[in-house]
Every structure is written in structure tokens, then in C-alpha cells.
Amino acid sequence: MTGSRTLTYREAIREALREALQRDERVFLMGEDVGRYGGAYACSKGLLEEFGDERVRDTPLSESGFTGAGIGAALGGMRPIVEIMTVNFSLLALDQIVNTAATLRHMSGGQFSVPIVIRMATGAGRQLAAQHSHSLECWFAHVPGLRVVAPASVADARGMLWTALQDPDPVIMFEHATLYNEEGEVAAEGETSCDLDKAAIRRSGKDVSLITYSGSLGKTLDAAQRLAGDGIDCEVIDLRSLRPLDDATIMSSVTKTARAVIVDEGWRSGSLAGEISARIMEQAFYSLDAPVERVCSQEVPIPYPSHLEQAATPQVESIVAAVRKTLRT
Amino acid sequence: MIEFKMPSLGADMEQGTLVEWLKKPGDVIHKGDVLAVVETQKGAIEIEVFSDGVLRDCRASPGDHVPVGEVIAILDGDKTSVMPTVKPSFSPVPSHKPVSAERLPGKPKITPAARRLAQQLGLDISNIAADSSGVVGLRQVQASSPETSPAEAGRAGIDFKEMRKAIAAAMARSKREIPHYYVSSDIDVTALMDWLAQENASRSVADRLLYAVPLFRVLARTLVDTPELNGHYEQDTFSPAQTVNAGIAIAMRGGGLVAPSIRDVAGKSIDELRISLTDLVGRVRSGRLRSSELSNATVTFSNLGERTADTLMPIIYPPQVAIIGCGQIVSRPWVKDGEIHVRQIMSVTVAGDHRVSDGRSAARFLSRLEQRLTAPEGS
Amino acid sequence: MAAGTDTKVHLVREHALELLKQMILIRRFEEKCAELYSAEKIRGFLHLYIGEEANAVGVMQALEPDDAIVATYREHGHALARGLPPSEIMAEMYGKAAGSSRGRGGSMHIFDARHRFYGGNAIVGGGLPLAVGLALADKMQGRNRVTCCFFGEGAAAEGEFHESLNLAALWNLPVLFVCENNGYAMGTALNRSESNPDISQHASAYSITSEAVDGMNVIDVEAAARRAVKAIRAGKGPRFLENKTYRFRAHSMFDAELYRDKVEVEKWKKIGPVVRFTDWLLESGMIHESDIDIIEQEVARTIEVAVVFAEQAPWEPVEDLTRDVMTPPVHDKVAS
Amino acid sequence: MNELELTELVKRTLFDVAPDLEGEAIDPETPFRDQFEFDSMDFLNFIIGLHQATGEEIPEADYPQLASLKDCVSYLKAKNV
């Protein structure tokens, strides 16, 4: 890439927010503690001082209320960015997202569209116990009418927001809570739009296709690295888009390697990994040399103690074990 | 002596930047006093001390990035009762124990990819040894057929050795049983090619036409008017076909030929035919043909394509009664309305079964074909 | 423990010492938690109750052992005032198997069936419907018990707050709603999140009798709680207390408190529940400095025992990870 | 894209059309048709692949400029893909 800089994921999100607020006066940021407090993950620190409390709006703790209001503002011609602090609190706003944002365009016969971006942190890994460690991307990826993206790299954290804001339909953006401190390369100023539809091959390989997204990408790359030492060459696919899924990239990889392991922090039953596994069975069955493996969270409310939280969620060891299972070595 | 460490101030805080000391060495410290200010992602946070004593030494200076747990000051005073953390070790919980639904105990477990490869290589699965976990996979199939390299084996849908034999048998039978006659003529296809160039200019790349598409359509429509070239001859009787199901001779990489058919070519629109042809060639290349496609052709078109040869004297596929061979398109001097022009010429040959038709039907077919090709209404 | 049965508080020496001891226990326990969090013994989130002790201690005086408590993630004070063993609470903060919730919940999710302590809840406003349901069950089964629901003023902005108050009033349910209004919902001051910051008036929208209380004065809190509980036990339906109070510490451990200034914090510290009650008792001669020293030593011992208990308690084995996701099938016992 | 990335893209498009070619080395100079069996259907699919990968609308008149790997790369570079 022509000239690049190193940013943390948090700085990339803040830069994207600032750019959006500067470039389009219809854009405004709304959510719990996004203003005076600077954001639960400090992603909007300084924005209140720069853009004022009309465009960086602290809200009361009324997730259904302010999410619905954001949807209404989008209908009214604004381009809101609603920050629901974490997916755990989005359950209170599910009705507004599913019954209004996702449905309105189709239900109104194409008269209305809802150009809103809803951002939320997601995932476990910080010992916040069951109510604060959910990974429910698949609930949103199940709903027609929504586009769902999950930036895992710092470059995507920087690039996806502006592109999402141009989308006339609702975009749900998941930021895994353990990524905010990660550092990564970002293109020099200016290049900010990126393709929301395509998955990315983060590591090409010929033996096994590792398909993952968001917070699990790091562990999956570590697993691929460890397996490379044993001469096992893994291809790592970062889905980036959870709806629509980029079937083409998935199938071309699986038909090449004949083996697939899906790493997904959601609970196994009804997971995104389940959907992807079914699609592989439907579209690449004759290329499979082993059953598709899934590395998901154990079916348990995520416990507080570190050793149980680790045991409950996908780890490098469990990914490596799954890959070996597909190779029957 | 008490080591005062950079405290953990948050669930995902890994380090802090010392901003300023609020106490200096020698100061008396009381439990709860603020010792220093540390900058974190969330802003500046005061750090309190949890024991009484005297500050002896500061180990970090303003601006230092200090990881959580690193010593930043030394105090003289009574030791607090905070014991070192005992990190629990954990073994990964065995991932989901799948219920192994064995269909037929004892029957070897064969993966889909292995089954497909074995079929391509014409191998009998049952005598391929399974691996240590009782499964027959790609590796096992590849290992048991040394002479075909995996790359080549996994390619065409039809097994090469078998196919060679099949072609040989059909051709021999055809030569033996069918009294072939051949009639051919050179046809000016310039108008067709001009129409094609103009049509493709208005089409996006993905919808572009090969000349074979309009050509096969015209051939099929002309056959509708010469039914004696389109049908099957079995047990000494000829049954003309209702539609023109044309077998398309498709060469495969690495040798070999197969002529799967497209149903009712005459009835298809240009785009329907384009899609069928693309799909058919694609499936030939990936070895996924349907048996019906290999048997229900009522006539065959064999188109050599560019830079090949001028004329083709093809052999009829029994039980069909004719095959149309088209040579390459070449620019040639051509007399038209008394003058010499450079025109694009293609030689078309009809091979017919003399038991069913004769040269006159083939000649009538060729002249009608010429009329259609010289004034193609792009129908 | 309750020295007064009707609404007036009989402030005899013994009761005063009991109130003071409970508040000091909470104060020192929370200070110890802050230290243990810095040493990475306690992880995840930690929300301290320092400055609000009078509310939990005062309200608990009006409740019987058989009443139910529903609290929030800022719950250590309520758990201690309710009588949950400090050692089990500390072990839960460590995530040890001997903790109140067997180590699985941590600071925000302390549960204890023996004390009908229906836990912390990390979702703001999440406890209110739960409390309404507990009260509904009591009413339908003819049990004269009270369910006391603690929450912060931030919850008043949640839909569940309004839905719960309406249900409690509509069905005349035995619920005591206690709003601990400490002025800040996480990082947002009340006047920046509520069009009508007078929370007790919100209850009148559902015709629920409500009272604003000085949440820094344990006697006022106890008296108000007794009045409310007396009415509830007499079947007069739900009651609402708005305890105006203040938290001396950040919302949680990782909060630079950009939203309030130090002067305001110092002002409130001077009228803190412990210092105010102690000075008043000393001036009135009801207690002496020696009484305070005895209390501090007893509390220090209790906390030290709790920490050692938590340090030495075992971790839950990984093999038990998925135990109790569902209730084990009863016939299991019959069959085996 | 730089030349390396363009070459990679052309090769990947080529292998999509003819997966069996993946192992073989490709001489950048000689036209595809002369190196391996590559008929007009393969060539059209290859052009469609390039179109999908780059969004370039490649007119039929330009086909001769895409006969070999080297030609394709310089053609796409000229179009500053």
C-alpha cells in the first residue's frame, strides 16, 4: 500500500468517526456516554469538544428508545451512527432493529430506506461474566434487511464506517472488545472506503481452510502459524461481512483445500458456523475430504473466572486440534 | 520494604503512562493517599496507596509507559496482606463430542472427494485400504493409482481410459454399419460475423457471444426443414425427431472428445443457447455430465473452431443419422455480384446415413443454410 | 437486629452501634476490594458502594429474613447488609468455587438463596421486572412478604422501569422500589439524561406513593423504609423511595471521572454517611471513641479472614464448566 | 495495483478457468493458445473473469492485446486498474 501508518483499532475507529462527522453534516453520533465520558472504550474521546453536543449526543440508558430514535432520524434524512455500548445491551433494542430498521423498506413497498449505522462492541475475553460477554452476531446476520459487518483488522476498523454510511440500508458493525488495543497498518490519509461484501484471505494455504471473523481472527492466525511448523499449510479467511456471506471466496478455498474449520465465538447451536457449514455441504460437498469442523463457544453462560472463560471460548489449542481432526493426523 | 506496583485500573488496561508524582521521597504516606497520577485510554486516574509508610524511592519518571504489575515505587512500612496470585492451569475442554451416527457399522467410511476421484480414475473403492482412523480419503485413493498423477486424475469428469475405449467402439461400429455420404460447400459467413461483432459491442463482457452460438442456432433451424437428417435409425427403421437435440462435440484438455447434447436447440433464444453452451462446456471440463446428456442427441454439430483446419469429414454417432462438420473461418477472395471481394468463408460438411437420406437432402440443407447465413436477421 | 417494629427508630445505643458497624464493614470491605483489584486479584468490572452505605444498611433494618432482595451490579453493600457471609462474597469476587455464586458471577452477580438475595444484575433496570414477579408470586400464594428492589437513577430512563412500576401499581403488588440516586448514570449527570430529574415524581405518574430521602443519613433512611414497608405489609400496594446520595468513587475502576470535578466530590465526602453518623453519636454521648476502635478492629479481622478464605479457596474444576446449565433430569435419580 | 499484484490477478483468473493448469509454469511472453489448449470458450471465460475482478469493460477489439500474460498485465496497467 502506498505509505501507511500504525494506529490502534481504537484510534482507527475514532479517526473514522471524526472523518464521517467532518465530511457529512447529516452524520451524528448518539449513544450512552459517547460524549462527556468519551465512549465506554474511549473511541469518541475529544469528539464532543470538537463537534458539540448536537452532533455527539449522550443518551439516557434507554437502548430501545434511542436506537428507535436513530432509525427515525435516518428516515428523516439524517445519517446517524448509533453506538450501543455492547451487543449485550442491544437485546433491549432488538425490536427496533428487527421490526423496524430491517423490515421497513420491504414492508413499505420500497418507499422508505433506513440509512443508519449501528456500532456495538461484542465478545468475551475480559472476565465480565455472562451478561457482559455475549457473542450474538448470528442473531443479526439471520435478519433479511440488515447488512452485518465485523472489522477484525485495524485497516477495516478505519475503512468500513464511511462505506457503511453510504449504504441506504441499515448496517450493523461489530467491534470485538479485545481488539481496541491492537495495533495495525492503515493506509495514508484519504483512502477510506473499502469493499464491504468480500471476505479477505489473511493467509493463503493449500491444506485446510480456516474460516473466521472479528475477535477470533488473531487466535486463528496463531493456530495457522503453529501448524505451519508441522508442515500443515492453512488458509485463513476473514469473513469481514457476516451478511451477506461471501460464498464465492469460501467455496473456492474449500474446493482447493478439501477441508474446512470454522472458528466462531458464538454458541455452537444455531451459530453462524452452522450456517457456513451447511452452505459448504450444499455447494462444495464433492470436494470435502473430511467433515467440516466447528470451533465454537461451549454451550454455557460465559463464567467470570479466567480459567473457565478460557475453557468456554475458542482458543488456539482447540483450533489446532480441529485442524488435525480434518487431516486425520 | 513495600514494592508499590502499577495497579490494574480496568478490565483491559495493559499499561499506564506516569503523568506526575504527588508525593516525593521522604514523604509520610497514609493508607488511601494519592501517590501519583497515571494516564490511561480513559484519561488521567489518581493512584492510591493501600498501606501506611514512608516513600523511599520512585522507580518511574513522568512520561514512562509502565506495564501493569511493574514496580514504580518503594515504601518503608508494614507489609499489606496481598499474596501473589496463583494462576489456575486449565486443560482445554474436549470440543463437542459428536454422536457418531454410523450408518452401516463395518462399511468403510469414504469421503465424497475420495469417492469422486476413485470414480474418475475408474477404481473400485472397496479394495482401497482405509487410513488409521478407518477412513478412505483422497490420499488413499491417490496412493492406490500410481500411474495417474493427482492433478490430471482429478480433472475430466469422464475417465480417460474408459472414454478412449468408448469412442473407438462407437466409431468402429459407425464405420461398419453406416454407409456415409459426404456433401460440403464453402459458405460466406461475413454477414453473420458482422452481426456478431455489432451485437457483442453492445453486450457487457459477461454476456458476450461466441460465433458458435448463432451458428448452431441457424444449423438447428435449418435442420427443422430437413427432417431426414435429424433422428435415430434403429432396427432398420428411421424415426425422425420432434426437436433438434444437438450433440456438441467438445474437445477436452489432455485429449479425448465427448458430445453431450443440448435439447431443442432450434427453440432456444440466443441467450438461452449461450448459457446452455457455457454451462455444458464448463461441466465437461469439471466432469459433471448427466447420463441423459450423453444419450438423447438426435444430430451432432462438430465445430473445429479458429486456427484449426478448413474442412472436416466427421463420423456419425450411432444411432444418429447425420453430423454437421464446420471448418475454421478464413478470409478468402470471393466473387460477389461479378466482383472480387475479401469475404470470411467457412466450409460446412454434411455427413449423412445413406440408408435414410441422400446427397440431395444434404445439398438442400446446405443451400437453405447459405440463405439464412447470408441474411441473418439475428433471429 | 431491628430495634424498632413500627415506623419510629428507637435509637438505643445497641442499635446505633449495629448501624455504624454495618456501614464501616461495607466501607472497609470496598476499600479492600479496590486494593485487590489493583493487584489483579479481582478482575472484570468492580463498582464500589463507598459513600452510599446508609441506604443498604437503613433499608435492610425494615426487612424480615423472609423478604426478598433484588439488587444491581453495585451490590456488595446490599449483600453485606443483608447478612451474606463476607468470606463467601470475597471468594465470589476472586471467582473461587466457595463464592456465593460458586465463583461464576463475580462482583456483579452475587446470589444467595438462603438470604433470598436474588442477585446483582449487570443490565441497568434488569432487576425491576424480576422484583415485580417475585411480589406477584407472593401475592398469588397468599404470603405476606415484601420484595425490595434496589436500582440507580440511571434505570429510570429504561423502559423496564416504567413497565414495572405500572404493573406493581396495577396489580397492587408488595414491592418496595428503592432508587439510589447518586447523581450520575455511569458518566452522564442526571440533568443531562432526565428531562425531569426529580425521580420520586416519576412514581406518582403510576400513583405510587413515593418519598425523597436523605440517602446520607442512615436514620432517615431507616425511618422512611419502615414507613413504606408498614404500608406494603398492610396491603396498600407498592412504595417508592428516592434516596439522594453520592458515590465517592468512580462509577467503576476504569473511569477517569471526566464528568464531575474534585471539588464536588470533596463537598459530599464531608457529609458522608459514616463520618456524619459517627460525629453525631459521639456528640450525643451515645458512643465513645473506644467503641469505634472496637468496631474497626472487628471489621478489619472479618475482612482479613475473608481475604485469606478467598485466597485459599479452590478454583472450580474445568470439568464442571457446563454443570447446571440445565437442571439435571429428576428421573436420573429415580433410575440410578 | 502494481505489476506484481496484476500478474497474480491474471494468473488467478487463468486458473479459475483452467484449474488443471495451476501446477504448470506460465511463460509470460507466448500467447496462452500456443502454450496450452485454450479455445475460444476458455478465452471468453478468462475475459469475463478479468472483467469481474477489475470491473474493466473489455471490448472485443481489445482481445488481441490480451493474448499473453505479459500483454494482459500491460493492458491492465495502462487502464490503471
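Think of it as A, B, C and D in the order they're written, each chain with its own count starting at 1.
FYI, a residue touches a chain if its C-beta (ideal position, glycine included) is under 8 Å from a C-beta of that chain, and two chains touch if they have at least 3 such contacts.
The structure displayed is predicted, hence computed values, not measured ones.
Distances from each chain's CA mean to the overall CA mean are smallest for chain A. Here the CA centre of subunit A is 29 Å from the CA centre of subunit B. Work out the mean CA point of subunit A and of subunit D, and you get 35 Å between them. Centre to centre, using the average C-alpha position, subunit B and subunit C are separated by 63 Å. Chain centres here are Cα averages; for subunit C and subunit D they lie 71 Å apart. Multi-chain contact residues, meaning those touching two or more other chains, do not occur anywhere in subunit D. Shown for subunit C are the residues that touch two or more other chains, namely 43-45, 255, 258, 315, 318, 321. Chain contacts: subunit A has residues 38, 126-128, 298, 305-308, 311-312 touching two or more partner chains.
Under the contact rule stated at the top, the pairs of chains that touch are A-B, A-C, B-C, B-D. Listing the residues of subunit A that touch subunit B in their complex gives 10, 38, 41-42, 45, 126-128, 177-178, 180-181, 258, 268, 285-290, 294-296, 298, 305-308, 310-312, 315, 317-318, 321-322, 328. Residue ranges on subunit D touching subunit B, taken from their complex, read 18-20, 22-23, 33, 36-37, 39-41, 44-45, 47-48, 50-52, 57-60. Partner subunit A is touched in their complex by these residues of subunit B: 11-12, 14, 41-43, 87-90, 92-93, 95-96, 111-114, 116, 131-133, 135, 137-138. If you check the complex, the residues on subunit C that touch subunit A are 43-45, 95-96, 103-106, 108-109, 121-126, 154-155, 157-159, 185-189, 192-194, 255, 258-259, 315-316, 318, 321-322, 325.
Residues 151-152, 155, 197, 200-201, 204-206, 208, 210, 212, 251, 253-254, 277-278, 281-282, 285, 305-307 of subunit B touch subunit D in their complex.
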